[in-house]
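In the two assemblies presented below, chain A is common to both, partnered first by chain B and then by chain C.
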Partner chain A sequence: MTGFRPGRLLLQLSCLLIAIWLVAPTLVVIPMSFADRKSLAFPPQGFSTQWYANFFSNPQWFGSLVVSLKIAAMVAVVATVIGTMAAIGIERLKTRAGGIIRVVLLTPMIVPGVVLAVGIYAVYLDTRLVGTWTGYVLAHTLLAIPFVVIAVGANLAVFDERLETAAASLGASRLTTFFTVTLPLILPGILSGALFAFVTSFDEVIVSLFITSPQLKTLPVQIFSSMTRDADPTVAAVGSLIFLATTLIIGLGLIIGLRRRGA
Partner chain B sequence: MSVLTGRAPRGALLLTLPAIAVLLLVMAVPFGVIVLRSFAEPVPGLANYVWFFQTPVNLTVLARTFTIAFWVTACCVLVAYPYAFAMSIAGPRLRLALIMCVLVPFWVSGVVRTLAWVILLQDSGVINRILLALGFEKVRLIRTQLGVTIGMTQVLLPFMIMPLYAVMRGIDLRLLQAARSLGAHPVKSFFQIYLPLSLPGVFAGATLVFILSLGFYITPLLLGGPQSTMLSTLIQQQVLSLLSWGRGGAMGVVLLVATFGVLALAGPFMRRSYQISGGSR
Partner chain C sequence: MNAASNEATCKGAAIDIDGISKFYGGFTALENVSLRVEPGEFMSFLGPSGSGKTTTLNLIAGFTDLSGGDIRLDARSIGHVPAHKRNIGVVFQHYALFPHMSVAQNVAYPLKQRRVGKAERARAVEEALRKVQLDSFAHRYPSELSGGQQQRVALARAMVFGPSLLLMDEPLGALDKKLREVLQLEIKRIHRELGSTFVYVTHDQEEALVLSDRIAVFNRGRIEQVGTGQTLYTAPQTLFVGQFIGESSVLRGPHRSAGGETMLTVAGTALTAPGAANGEGAQVILLRPEAVMVQAPGTGPQEGRCNILSGVVREMLYLGSAMKYEVTLADGSHVTARTPTQGAPFALGATVELAWRPQESVLLADDGSTAGH
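Now for the complex of A and B:
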């Protein structure tokens, strides 16, 4: 497309601006996290690392990080097992019913968060699940299942079923076939589903805001209440740490994926 | 008999059972409770719905929710289209960089991104400082509808870019070359060939962004003010502050109906545009 120069330049320029607009706003939390006064005025005056120190030493902050990590790890396990089973079931059904079940299992992604949160809160009040580990894990699992179903389903769609038939014809039992043939081949989908489930739980805030308790609080809830209470740059320090961790994980994942495809 | 090709639909159904159980317990039952309470509290009947549709404030907020969702969707389409197009034609390295720019904000929690927008949009924030330095007057951004729209567009943009990119990646660019070799102007071949082929992606992304916008909560709450309240905030106020489960429930049902209504309306369009594109999937 050599005769298309002016259009090309315009496209490149607008993409650069959009890329900056996507990434740059989030970056302001990094300089903000080194502020030396308790204020969110930007640009910050002076330099200090006291907000990072506060995050790691204050039990309110560090405790909520530990709670979030534990819940996210449990959700990653539970949602991945349940979601993978469902994805295999849907693939095996191969009928209209399978398609309908798939659509139904994806609905938690699009239902309005507050309506879901209010409903869950009502049910949890009656069943004494407010502010409990079980309550958090159940609610986050609901929200994480769609991501696992999508990730594993995508992998199953390109899986060659004749491999299973071959294993069976050689005398392998169904369980042996699953663990030695199917599972290793769909493992990439399962792993990315688990990662999605972990992040979904770790980031979830709306339902958590309703079912939280002072004794059991997740990190996003702590960030949210700090933001609505006062201008504490500790939120910027947490934000910077989350941003850094996310970039590293995605960057590594993409590079490994690209290498493997190239090899 | 193998796990995937086995001919036992009952076994396959059993495998989906745990997921369906979670869905029933943690989504269907809660929604049922909300619907029930909206008709039953404080007295049985339609009182909560009559109240909702007869209170001007509620109608204003409902209309505003749809207006904001419309503008966010429109902005997302305009911004995502050239970006997704560039992703679909870029070389592997550039594409990786462009994908990173979409995925990183997508994975960083919404609360953190909203915090960034609070810092940027506040009255003494970065944007207003730049405007002042350029000789313009200060603009009120935080606690306004404009601020909410800007923040929501950026948070929701990945949901528009990804479906659009998925469709554009499958479009055969040789069609454009063919049109050009037959003498069509690039602008004409874009509007007659490329745009119609990419419409399924536009519809899918726009529907997703619109639906998610209708129920958005955190961003409007932190970036908005009394003049930019959306329906979600009103529901939360009814339930948590006023302890009025009936009225809050009725509002929730209205929001649910709106969400699934939009989905039902958009469904046929998505299918039709798939047919236009000639694709079977």
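Now for the complex of A and C:
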């Protein structure tokens, strides 16, 4: 591994550049969040933590975070239950109908968000669901189900169905078999599906912009409207906080995963 | 519900299979099969893949639905009872241990379903694991065990709740030959200790011969013959059975029956076989290698009546205690002979005489079966 190799150096350099290109936009918000003037100029001037304080004390900001977390949690539960049941059904159908149903369930991932948003908005106007909890949860669940179907489906593909036959021979009913054998073994898929569903909802902005109301606003909508109104560095503070939180969660997940594999 | 406590004393159940069939769309997997398995018997289902033996096992276990007929366990109809209510132990070829449970949890699983108390459960699990000599592995996980150990755990799990019937679907199929022989002995011992009825599916005729009280030979969705290993070997009722069990040579030719005997003309020589022809069609003579003597040409019959054929040695194998010859006849057919090693062996290409007593010829209807399992 010694000696000068120009090809290798070039490769390392280009990797580094790509990495910077990928991470830089995320990192830029961190210095901006500590700016002491109400401006989103880069590089920022001075230093203050007032935007963090503003985020936690201003009900507009903090309230929208709570709304987003509540909706995301509900979406995670509903989408995971529906998506898991759908994935199992598709897996067990084993006919062409299963493939068709799968494609139908995955369409929200393929259809452009704006098109979906217009459709949802039109339906919501008639059914008075605009700006309601139910409205948000329904719309976000629709968008999250494909992720659950994919995650659970991947797990089911490697699940050995013969274990269910064995459980039956040992005296377990279909329902007992599901809860004692199938569920524990596809749990990793269900959990990652739930995580995807949570993030999909928490992160969703297009549909939410259409169905939002001044009384019930999610965090991405609040960020968006704040950006269009004025240059409030609170946006950068929110971005930094979310970045910190996701880094912690993913890091923790990696550590747990590595430790379990090592055991 | 004290399923575990009567484990040691449980008696085997009788199985009555009454004209069962299984169709998949237009495909017939099993057609009108009837069979009785006696209480405590070790019965093997032997046959090539796709012969219906595993289908029959799955129907007894309740994993697939009957298309016709009924199955009774000790005179109680179970044909339409769901699998989890049949109380039948099953051991699978692929072990089917629950990977997220320890060995002890796997074995305790059927007891939990039967709501056996905790203390009783622990005792029964320990006893079952001791029976398969894995009592020190209770806290391991299946992935930490070898194939043979996993299958022992599966066996313990299938018998811990004291089922009166144990089904095994090629349980040793995934193991190497040496381990297979060890486990065969263990399965035999466990069968003796439990007294349960065992039904064992295999495509390995040697395994079936070693283990079973009786063997049911399956072919093309039907049972060809049921009998002890000895009956199947010495008195096969069909050419398929004769060729599937043990080594054999098959001689074909025109036949003529008279006076309780049948003459079959093979390569220009008339051969005698006991009994009248089976049905109208073509007949064959089935010969076991050890029944055929190999001698120098012109030796003639040594004692009493003899069938004699002349041929050329094509292959010879020294087996230690015996010599195996592959002899080609004038019509191109082959005869395998196994003789004790004595004197100088015949060389390759030598012309020899094959001699056997007429009663060693097994006369069968030609059902078109060919050797090779």
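In this section, the second predicted complex is superposed on the first by the 249 of 263 C-alpha atoms of A that agree within 3 Å, B and C clash if a C-alpha of one lies under 4 Å from a C-alpha of the other, contacts with A are read in each partner's own complex, and residues count from 1 in each chain.
Assume a contact is a pair of C-beta atoms (placed from the backbone, for glycine too) under 8 Å apart; a residue touches a chain by one contact, two chains touch by 3 or more.
Note that the structure is a prediction, hence the values are computed from the model and not measured.
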item	value
Chain C versus chain B on the shared chain A, clash or fit after superposition	fit
Touching partner for A:T176 - first (chain B), second (chain C), both, neither	second
Dominant toucher of chain A (residue count), chain B or chain C	B
Touched partner set for A:A168, first chain B, second chain C, both or neither	both
Touching partner for A:P214 - first (chain B), second (chain C), both, neither	neither
Degrees between the directions from chain A toward chain B and toward chain C, using C-alpha centres, nearest 10	90
Which superposed partner A:L185 touches (first chain B, second chain C, both, neither)	second
Partner chain in contact with A:P59 - chain B first, chain C second, else both or neither	neither
Touched partner set for A:G46, first chain B, second chain C, both or neither	neither
Minimum C-alpha separation between chain B and chain C after superposing on chain A, in Å	7
Intersection of chain A interface sets (partners chain B, chain C)	165, 167-168, 174, 177
List of chain A residues in touch with chain B within their complex	3-4, 7, 11-12, 14-15, 18-19, 21-23, 25-29, 32, 40-43, 82-83, 85-86, 88-93, 95, 97-98, 101, 104-105, 107-108, 110-116, 118-123, 138-139, 141-142, 145, 149, 156, 159, 161, 164-165, 167-168, 174, 177-178, 182, 199, 202-203, 205-206, 210, 220, 223-224, 227-228, 235-236, 238-239, 242-243, 246-247, 249-251, 254, 258
Contacting residues of chain A [partner chain C, same complex]	160, 162-163, 165-174, 176-177, 180-181, 184-185
Residues on chain B engaged by chain A in the complex (per definition of touch)	1-6, 9, 11-16, 18-20, 22-23, 25-27, 29-31, 33-34, 37, 79, 82-83, 85-86, 92, 96-105, 107-113, 115-120, 122, 124-126, 154, 157, 186, 208, 211-212, 214-215, 217-218, 222, 232, 235-236, 239-240, 245, 248-249, 252, 255-256, 259, 263
In the complex, chain C residues that touch chain A	61-63, 82-90, 92, 94, 96-100, 109-110, 113-114, 157-158, 161
